[in-house]
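My structure is below; once you've seen it, I'll send some questions.
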Amino acid sequence: MSLDVRGTVDLGTCPQFKLDIDAKLPTAGITAVIGASGCGKTSLLRLLAGLDRHEDFEVEFDGDCWQGAHVWRPPHERPITMVPQHPMLFPHLSVLGNLRCVPGGGDTHLAIERFGLASLSRRYPDRLSGGEQQRVALARAFLKPAKLWMLDEPLASLDPIARADLAPLVAQVCRAAGQPVIYVTHSLTEVLQIADHLLVMEGGHIIGSGRPEEVAAHLDHPLSPLIEVGTILDCTFVRYHNEHDLSELRIGDAAIWIRGNVEDHGKMVRVQIPARDVALASTHPADTSVLNVLPVTITDLTTAPNGDVTVDLDCADQTLRARITTLSAERMRLGPGKEIFAMIKSVALEPRRD
Amino acid sequence: MSLDVRGTVDLGTCPQFKLDIDAKLPTAGITAVIGASGCGKTSLLRLLAGLDRHEDFEVEFDGDCWQGAHVWRPPHERPITMVPQHPMLFPHLSVLGNLRCVPGGGDTHLAIERFGLASLSRRYPDRLSGGEQQRVALARAFLKPAKLWMLDEPLASLDPIARADLAPLVAQVCRAAGQPVIYVTHSLTEVLQIADHLLVMEGGHIIGSGRPEEVAAHLDHPLSPLIEVGTILDCTFVRYHNEHDLSELRIGDAAIWIRGNVEDHGKMVRVQIPARDVALASTHPADTSVLNVLPVTITDLTTAPNGDVTVDLDCADQTLRARITTLSAERMRLGPGKEIFAMIKSVALEPRRD
Amino acid sequence: MNPDLLQSLAVTASLAAITTACLMLLTPPLAWWLARTRHPVRPLVEALVALPLVLPPTVLGFYLLLFMSRDGILGGLWHTATGESLAFTFSALVIGSVVYSLPFVAQPIAASFRTTEPGLLDAASVLGFSPRQRFLRIVLPVHRRALLAGAVLGFAHTIGEFGIVLMIGGNIPGETRVLSILLFDQVEALNYASAHLTAGILLLISLITLTFTYAYLRRES
Amino acid sequence: MNPDLLQSLAVTASLAAITTACLMLLTPPLAWWLARTRHPVRPLVEALVALPLVLPPTVLGFYLLLFMSRDGILGGLWHTATGESLAFTFSALVIGSVVYSLPFVAQPIAASFRTTEPGLLDAASVLGFSPRQRFLRIVLPVHRRALLAGAVLGFAHTIGEFGIVLMIGGNIPGETRVLSILLFDQVEALNYASAHLTAGILLLISLITLTFTYAYLRRES
Amino acid sequence: SEDGVRLRVAVAANFRAAFEQLSRELPGDLGVVATYGSSGLLAAQILQGAPFDVFLSADRERPLQLVVEGVAPGQVRPYAVGRVALWTPGVTADPAMVKSKRYTMANPELAPYGRAARDCLESIDLWRPEDNPPVLGTNVSQAFHFVSSGAVDLGFVALSQLVTQQVSEKEMWLCPENIHSPIEQFAVRITDRDEAQRLIAFLIHPDTQLRLAGFGYRPIAP
């Protein structure tokens, strides 16, 4: 499968804005698209959906040309589905009506159950809260059989509580899609837990593309410091300790404890560790509340623009990253090759849900 | 000075919503108002401003009745100013025009300089980015002489980068107001750095009011876990170490290092410490990257709903709070009265800007 | 009530009903085109549609008369097709009324169509609605209130129309003599008592329909 | 061009200009009230304003004539005040035209006013604008395009008005004989050549104003 | 339908009252449906094919033009002579009032009653449109409204209108026929129907003509 997008288009707006893209987009798993407001994220999705007609742009999906020099396939004939920023429910139809109206849509009963809409099904959109509306929009988009999923900041219009409430459902929908998902968002925490791939856009260009942690580490962009991704470690699940509500994992010879039960994540658990939550110690610190102490070897030291030092560490052949002050780095006399210990509070750890 | 608000009003919406308040609002410093969407925050501000006419509500400011049984002072006669969620610039006026149109407004040149609008002054609102527009709205509101300032989520409509850009300016405006400020927001990090007082609303009621850390600690509300306020320590400023970009502070006999120069904060610096960033050690940990190690005495241990343990610590007669796992608590055999050490990474520390 | 009045009332009512029905078939697609197109010819079409608003009805009636007479294009075609002449028939009145009331129906509908949230149509597109399905299943039901308002206005306006009917309908009792013409006749015949009655009926119908429509429209919004 | 035509053109132009000026003073406050009030009487007022849309102009003209004649309320007052009679003067025409064109001006303006972002007015309030300042300094300039559209429509409509003028203006050359009346005279006299010329001028004026207005309005928005 | 056999007659508005009365006295097999209106408009409509059988005009030119245009097969025939009168409601009539008072008349360019009124004023040297222009009605019915509604004080109207409204003789001044062109009203057949012929014959029959005085017309010269 492949998704090729190629072309330049002047959106004719003022100040002038040009979308200029030549990329093969990932066609497996979940691709997060981030970038400052107005960088062209929505424009890119609209292009893929065929909502804006720019024929000098070429889009080819799975060997199928959706648009090109003399080809134009209108949006309703593309095998896509999309969840927009605002729910855009049809105001004249009830929740049930909104679900049923999808041409060739799947089983509405299933969707109602899955998205917890049973009690809302007779209500009209103007009687739903923002979060409920977005939930219906997700269910509706889910009903359409599609080969490419797109989400354009589906949680952006919600308040923090509603957002926290809905985020797991969105993540679950994305994973369950079983099709490539392109997920545009401003909220990094929202997407980094589930993204396999990160696209960073700026001024109509794609300026970064790859695994989230790599992109974040190597991109000089105002968003980079906000991408608190740190690193992701692949760990083996050992067992869940019910009495402390902690899961015990293992990386190399060291134990890693994380909060909650991650048994259902499978044998391998990916743990996301923000760089600022990693402290370093020259000797094994005894008798502290820090549960996770990993023996590591320094591979690299770099100074970040804000004066902090980023320390790249080798941990059982995986990379872990720490952010510390220059004073600490000096005092500890850190240098490449030195063998030290990384301390990570377990309350700071998040399993990646994928 | 006093600000008394008293009354019940049915907004006549469906589902029914009642604002029911009987409170003396703080009239000094900055009061943050938080609460879920639809809890009545905007309604409260509109009431104070006189934008919605509900005469059975009483509002008395500084001994002056703004509205009551037979009194009604229209909004343009109240000594208030307000920054709304959306900039609401007058579209037919340039930036300069928007500033100049304020009846009895202050010096526009000063405002232009202060809010960095010089290069925008001839532009029209539809040619400004969201952040620029909000900047003009702040400048405009600032021009009006007022005894009560109100901000209704002034940053909510901006994307994260623009928000990060503007937040310091908003904070600075609030501090410079020299008048009581009521600041409604969803974003806790935005306001907790500057608020002296926190009001929590739910379903039209004020359910919590007081110093932010106290409210957060004692309120059982979906927002409480989001209020990552931890604790605030009052420290004495010692000096700024230019070579490491660190400020050295002192609390009791211990040193505290925080990033950046906080010299201009005055002799006393308030440092905000999220509970999850505090780790504990039974013995003084040597040779780690953790710069801040404070000798403390345990005063209390409580188990949070999510299974973590919150440890209240006495630190030179101030309270510090740590969040650790039950496993750590058991291993370290923590109990009230035990003397231990608190470790805080300096990159995690934020000076409170007030 | 005298038989003249009853007869005119019947003619008026059926004219208004048929005209409104024709308008409601014609205008929604036209209004949708007007609301959406960026074709440079749109302002001209818009002006043409609005022309009956500003043209004296007698001018319009005069040209429609020329157009529908046996030597006129439409009248000729009609004659070839049906073997009958078009002018001065009820059908001619319907055509004239449709032209005359067009802006009253098309303008509010187009104005409402213009407010269509584009995101709603985009959402429908990506859900697989064809343009035709979007129009029939989203646009029309969403703007049902504007459609109703247009229909009521068109109906009321057809009831009140005079100049055109006078020109192209003649004044044939039971066929083309509508209420407004009857009123004109009564005034001409100095029959003021009857004239006041007829005018009163017209006024009442108009005022009641308008008041209820406006009250309904505002209550809903 | 013959002098009759020129004279009528002049009368028409000044009638349309003065009527439009009066309307532009009257309607914005009325439209603002209509757009904002929740008074239960509003639908009725709205219907009254809209009445000229649906009432036959001759009915309206007839009652206006009774109203403005020396025995009528307004005519009597006018006579007392000025010592002259009102009916069949240019002033009477202006009053009639204002009444008749009112909905054409008030409706688009009210529709535009209704779209006023309430937050804009609230922002003005808390900045210290009194209600009057808000109307004059925010509402009017923000809706200047709707005001223009209303003015153009009112102007064009006054140029085309016929039934009312016929009733209350008489047909006095140089004073109350406007183009539409001249045209009617020409049709009556079976003088089709002149009629076509007059109708052509009317058509051209209307079409050009409307086309340009619509083109301008859309270009700006 | 029944209307298919009934005769359709276009009647000048000023002749309405007379025709309504007379049509009731028609022979039983001669049913008519009348449409009243201004002669000019009726003529214009007939030119465009309006389905009338007979046209009773208020003048001579329009029926003639229908004949010239080939629309009317028949010849034009006078059926009544109108009388023009100055009506001064509430006061005793005096033609000198037109010097100072606002007055009305039908448009002399269009309507025979207007032409007659102007001729009359010219003959008695009171025609001063520059000093006191009359309010012109498109036809004589309009002129009558202007007066009857009180909008103007006086006006030249048709005697037939005054008779129908039973206006007292004091309030009217009848223009002498010798000082104005005659207001001869002409009829013309539009279709070849036999009944059309019979209607016109009925109208110009001396017995009918004798009754015209009662409606404010003078019989046609035999």
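In order of appearance the chains are A, B, C, D and E, and numbering begins at 1 in each one.
The rule is short, and it goes like this: a contact is a pair of C-beta atoms (placed from the backbone, for glycine too) under 8 Å apart; a residue touches a chain by one contact, two chains touch by 3 or more.
As the structure is a computational prediction, the values presented were derived from the model and not from experiment.
Asks: To get from subunit C to subunit D along touching chains, fewest steps?
Replies: Minimum step count, subunit C to subunit D: 1.
Asks: Would you mind naming the chains that touch subunit B and likewise touch subunit E?
Replies: D
Asks: From the mean C-alpha coordinate of subunit A to that of subunit B, what's the distance rounded to whole Å?
Replies: Computed value for the inter-centroid distance: 29 Å.
Asks: Mind checking the centre-to-centre distance between subunit D and subunit E? Centres are C-alpha means, answer in whole Å.
Replies: 35
Asks: Centre to centre, by mean C-alpha position, how many angstrom separate subunit B and subunit D?
Replies: The mean C-alpha positions of subunit B and subunit D differ by 56 Å.
Asks: CA centre of subunit A versus CA centre of subunit D: separation in Å?
Replies: The computed centroid separation for subunit A versus subunit D comes out at 60 Å.
Asks: Could you say which residues in subunit D touch two or more other chains, in rising order?
Replies: 62, 184, 187 - these are the residues of subunit D that touch more than one other chain.
Asks: Can you tell me which residues of subunit A touch two or more of the remaining chains?
Replies: Correct list: empty.
Asks: Going by the touch rule set out above, which residues of subunit E reach two or more other chains?
Replies: Within subunit E, residues 41, 44, 145 contact more than one other chain.
Asks: Per the touch rule above, enumerate the chain pairs that touch, sorted by label.
Replies: Here the touching pairs of chains are A-B, A-C, B-D, C-D, C-E, D-E.
Asks: How about subunit E: which of its residues touch subunit D in the complex?
Replies: 38, 40-41, 43-44, 47, 62, 65, 102, 104, 107, 109-110, 133-139, 142, 145-146, 149-153
Asks: Spell out the residues on subunit E that touch subunit C in their complex, using ranges where they run on.
Replies: Residues 3, 8, 13, 16-17, 33, 35-37, 41, 44-45, 48-51, 141, 144-145, 148, 161, 164-165 of subunit E touch subunit C in their complex.
Asks: Can you list the residues on subunit C that touch subunit E in the complex?
Replies: 62, 65-66, 69-70, 75, 85, 87-88, 166-167, 170-175, 185, 187-190
Asks: Where on subunit D does subunit C make contact in their complex?
Replies: 42-44, 46-48, 50-51, 53-59, 62-63, 104, 111, 153, 156-157, 159-163, 180, 183-184, 187, 195, 199, 202-203, 206-207, 209-212, 214-215, 218
Asks: For the complex, give me every residue of subunit C touching subunit A.
Replies: 117, 119-120, 122-131, 133, 137-138, 141-142, 144
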